[in-house]
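In this document, chain identifiers A, B and C correspond to the written order of the chains, with residue numbering beginning at 1 in each.
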Amino acid sequence: MEFFLQQVMTGLSIGSILLLVALGLALIYGSMGVINMAHGEFLMLGAYSTWALNTFFGLGLLSSLVFVFLLVGAFGWAVERGVIRFLYRRPLDTILATWGIGIILQQVVRLSAGGELRYVEMPEVLTATVSILGVTVPGYRVFVFVVVAALFALTWALMFKTDFGRRLRAVVQDRDTATCFGVDADRVYSLTFAYGAGLAGLAGALVAPLKSVSPEMGTAYVVDAFFVVVLGGVQSLFGTVVSAGLLGQLTGSLAWVTNDTVAKALVLVAIVVIIRFRPQGLFVAKVRS
Amino acid sequence: MTKRETSRHISRHLREGRLQIAAYAAICLAVFLVPVLVDNDFLLNRYARYLVLGMVAMSLALAWGYAGILNLGHALSFGIGSYCMAMTLKLRTVPTHTGSDGLPDFMVWNNVETLPWLWVPFHSTTFAIAAGLLAPALVAAVLGWFMFRGRVTGVFVAIITLASLVVANLLVIDMQAYTGGFNGITDLAQLSLFGITFDAYSKSTYYLVATCLTLSLFACLAVTRSKAGLILQAIRDDERRVRFFGYDVASYKVMAMAVSAAVAGLAGMLYTVVMEFASPTFLGVPLSLSIVIWCAVGGRQSLAGAMLGAIVIAAMQGALSESEAFLETWTLVMGVVFVAVVLFLPQGLAGLVEIVRARLAAARARPAEPIAPVAAPGTGERS
Amino acid sequence: MTPHLALTDVSVSFNGFKAVDGLRLSVGKGELRCLIGPNGAGKTTALDLICGKTKADSGSITLDGRELSRLEEHEIARAGVGRKFQVPSVFRQLTVRDNLEVAMCRETGVLATLLRRARTPAGDGLEALAEFVGLADVLDDPAANLSHGQTQWLEIALLLAQDSELILLDEPTAGMTHQETAKTADICQRLKGKHTIVVVEHDMGFVREIGDVISVMHQGALLAEGGVAEISADARVREVYLGTMGIAGA
C-alpha cells in the first residue's frame, strides 16, 4: 500500500511538471493552431533566466518567478510579432520557423552562457520533506504541485471568465467574424502566445532546481509535453490535465517495467498511433469537420 | 485568340521544358568536370560527400516541394541505405584481431555467437544494394500508407515522420549487439563493383557518386514532368478536389514518398562508401533538420535548387568546421538564415532566380505592361 | 427503363440534425434535372452524398445499378460522377493549362500517369476547350490570378474536360452576369442527352430555361416533382416558398 502511494505521489509530481510544460503548448496550439517547436527552448530560457537572476543579482528562485514569467513572456511576444504572425496561413512553415527559432535560442545560449551545466539552488524553506498519508514527499515537489494547480486555475479563469478569454475564443472560432465585431485578433494572438511562452518560462524556472540547466534541456520536456497535448486534445484544457496525470503515472510505472529507451520509443509510437486514429485527442467528442 | 498565338503559347511551354533539361544537364556536366580541375583525392572525397548530401536534399524536394509531404524524418531513409551498405562492407572485412571467424568485431565484443539472420543475406553485395534502395522505399511506403489512408495531412505528417525517425534512432542505438549501437558500424572494406574497387579517396568513388547523382536527378525530373508529377502538385494545392477527378490521392502520396525514400537510400549507401562508416547520426534528428534546411534555402520546389542549396551550405560548413567556435556560430547563422528564408522566400533561392528571370523576360518582351504577380508562395497545405 | 441515378431512402444527420431524411430521387439517362428548394432543404448535402463527400447513414445510391454509397470519393468519380462545387475550387498554384490537364482523367492509376507526360500534345481539345470558355488567353497564368468569373468558367471547363457520365452542378450561375448565365444555360442544353445532369440552382429564370423536370426538396426530403408549370402551380411548393408568393417570386 505504501509502495503504491509512493508511486502515486511520484506520478503526481511528474504529471504536475508535465502539465505545466504542456499547458503553454496546448494553449498556443489549441487557440492559434501553431505547433511551437521552440517551446522547449522557451522553457530552457526560463531556466537560464532563473540561473542568471540568481547568479548575477542574487535573487532567489521564489522572487525570480514573476520576473522570469514576464521576461520569457515578453520574448514570446516578440517572436509572435516578428515571425509567427506572418505564417498563420502556412501552418507547415510555422513548424519550420519555430524549429529554426529553437536552434537560434540554443546556439545563443550556448555561445553566451557556455555549454556547461548550470545549477539553481532550491529555496531554503522548501528543502524539508512533508509527510502525506504516511508517505514522505520532498517539500519542493509539493510546492510545484500547488503552483501548477494555481496556474491551471488561473489559465482556466482567464479563458472562460474574462473578457480576454471570450475574445480569444471568438477569434479561435472564426477569426474574420471576430475581427468584424471589433476584436483585435492580432493583439489577442500575440498576448496568447506571450502568455504561453511565459508559462513555459515558469516551467523552466521550476524544474531548474530539480535537474541541471543546459542548452538542450528543453527537448526532452517538449516531447512528453507534446504527447500530453495530443493525448488530451488540443481544445480541451481539462483533457490536458487528465492526460498529464495519466502520462505522469505511466512514466512513473514504466520506468520500473522496462528500460528508458524502450519507454521513450513507446511514448513516441503511441503519439503516432493517436494522431493517426484520433487526431482530435482522446478526451474530445467527435466533431463534424 | 488566333491559331498563331496559340502555337506561340505551346512553343513557350516546350521551350521552358527544354531549358530546364538543358540547365540540369549543364549542372551534371559541371559535376563530372570537377576531377579534371581538382587533382586532390582528399578534396574529391569532400566534394563527393557534398554531392551525396545534395542528392538527399533533392529527394526531399520531390516529396515536400511537389507533393506537399513535409517529411521531417527523411534521414530515416538515408540512414537505412547507409546501414545496408555498411553491413555488406563490414562482412567483407576479415576481423583478424577478434579471432572470431566471419563475425563483425562489435558483435564479438557484445557476446553475440552467431551472425543474426538479418545480417546473413548481406554477404551478397547485390542484395545489399537492392536492400539499400528498396528497404527505405518500403518503410516509407508503409508509413505513408498508414498516414495517408487515414487522411493524415499537414503538420501531423511532419510530427509522425519526425517521431518515426526518433524511434528508429533510439532502437538503432539501443540494439548495440546488432547495429554497433552508438558507435555505428566502422572499419569497413572498400566497395567492389564490376571489378572496380572504390577507394573513398579516389576519382573512381567521385565518379560513382556523380553518376548516381545524375541518374537520380533525371529520374526525379522524369517523375515531376510526368502526368503523375502534375497530379502530385495538384494534390499539394487541394487534395480533396483531386479525389473528385478519380485519382486515389493516398496512392500518389505513397508513391512520392517511396520514390523520394529510394533516392535517399541510394544517397545513404554512397555516404557510407564515401565516409567509410555508418553511424546513428546518419538517421539522427540534426541531420534530418539539416536536410530540410538545405531544401528550404535552395528551393523546395526545385530539384536542382534543393541539390545546389545542400552542396553550397555543406561546403561552406565544411570550410568553417576547422574551428569549434566558428562551427557554433555557423549553426546560429544557419538558424537565422533558415527562419528568414521560411518567412520571406518560401521558394528558396531557386524561387528568387525564377522571380528575377520572369521579371527580366517580362521587361524585355512587353516593357509597357505591368508585370504579373508571381504565383502565391506556400506549401499548398490545407488543414 | 432503369434510372441512371437512383437515390433510395437516403438519410444523413449531423449531430442529430437530419440534413437529408429519406430522400428518394431517380434521374433517367441523359436527363437534365433541376433540384430546387428553400435554404437548408438539403440540396447541397444531396449532391455531397452522391459524390461521396458525405457518407450516408442509411439508404442506397446507385449509378447504372452500381451501389455508390460505400465507395470512396475517387472510386465514385471513376464510376462516372463529376461535381462542380458551390465555392469554386480550382488548383490555384497551377496554371490554367495544368488545371485542365489534371481534369483530363481517363487514366487515374499511379503507374499509368507516371509513364505519361504531364502535358498532352496540342490538338487533343484542351486549347479548344479553353477557347470555348474564354480562357485561351490565360492558359499559362496561374489560376490564382484569375478573376472570380474566370475561376467559375475554369471550374466548368474542368467538368467538361473530366467528361463524366453524371454531372452535378451546385449553383453554377452564382455571381454570373446575364450573358454568362445564358451561356451556362446553353452549355447545359448541349450536354443534355449525352450526359446526365443534376443542377442545384436558386435562379428560377435559369431553371425555367433549362429544366425539363424539377425536383423540389424540403426538410431533407422530396416534396414535389414535375415540369415547370406543374411545379409553379403546386400548392405545397408555394407554401414552402414564403407562403403565397410562389416560386415565381423566389
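Following the convention adopted for this analysis, a residue touches a chain if its C-beta (ideal position, glycine included) is under 8 Å from a C-beta of that chain, and two chains touch if they have at least 3 such contacts.
Since we're looking at a predicted model, the values are computed, not measured.
A.B. asks: In terms of touching chains, how many steps apart are chain A and chain C, taking the shortest path?
C.D. replies: The least step count works out to 2.
A.B. asks: Could you say which chain's mean Cα position falls nearest to the mean Cα position of the entire protein shown?
C.D. replies: If we average C-alpha coordinates per chain, B lands closest to the whole-structure average.
A.B. asks: Compute the centre of every chain as the mean of its C-alpha atoms, then state which one is farthest from the centre of chain A.
C.D. replies: When every chain centre is compared against chain A, the largest gap points to C.
A.B. asks: Once you find the CA centre of chain A and the CA centre of chain C, what distance in Å lies between them?
C.D. replies: 48
A.B. asks: In whole angstrom, what separates the CA-based centres of chain A and chain B?
C.D. replies: Those two chain centres are 34 Å apart.
A.B. asks: Taking each chain's centre as its mean C-alpha position, how far apart are chain B and chain C in Å?
C.D. replies: 43
A.B. asks: Quick one: which residues in chain B touch 2 or more of the other chains?
C.D. replies: Those would be 378.
A.B. asks: For chain B, which residues count as touching chain A in their complex?
C.D. replies: So the residues of chain B in touch with chain A come to 68, 70, 72, 146-147, 150, 152, 154-156, 158-160, 163-164, 166-167, 170-171, 173-174, 289, 292-293, 296, 328-329, 331-332, 334-336, 338-339, 342-343, 346, 378-379, 381, 383.
A.B. asks: Quick check: in the complex, which residue numbers of chain A touch chain B?
C.D. replies: Interface residues on chain A, with respect to chain B: 33, 35, 83, 86-87, 89-97, 99-101, 103-104, 107-108, 110-111, 223, 226, 259, 261-262, 264-265, 268-269, 271-272, 275-277, 279.
A.B. asks: In the complex formed with chain B, which residues of chain C make contact?
C.D. replies: Counting only chain C, the residues touching chain B are 51, 53, 72-75, 77-78, 82-83, 89-94, 97-99, 101-103, 105, 107-110, 113-119, 122, 127, 131, 136-137, 139-142, 144-145, 158, 162.
A.B. asks: Can you check the complex and tell me which residues of chain B touch chain C?
C.D. replies: 1, 6-7, 9-10, 12-13, 223, 225-231, 233-234, 236-238, 240-249, 251-252, 255, 372-373, 375-376, 378, 380
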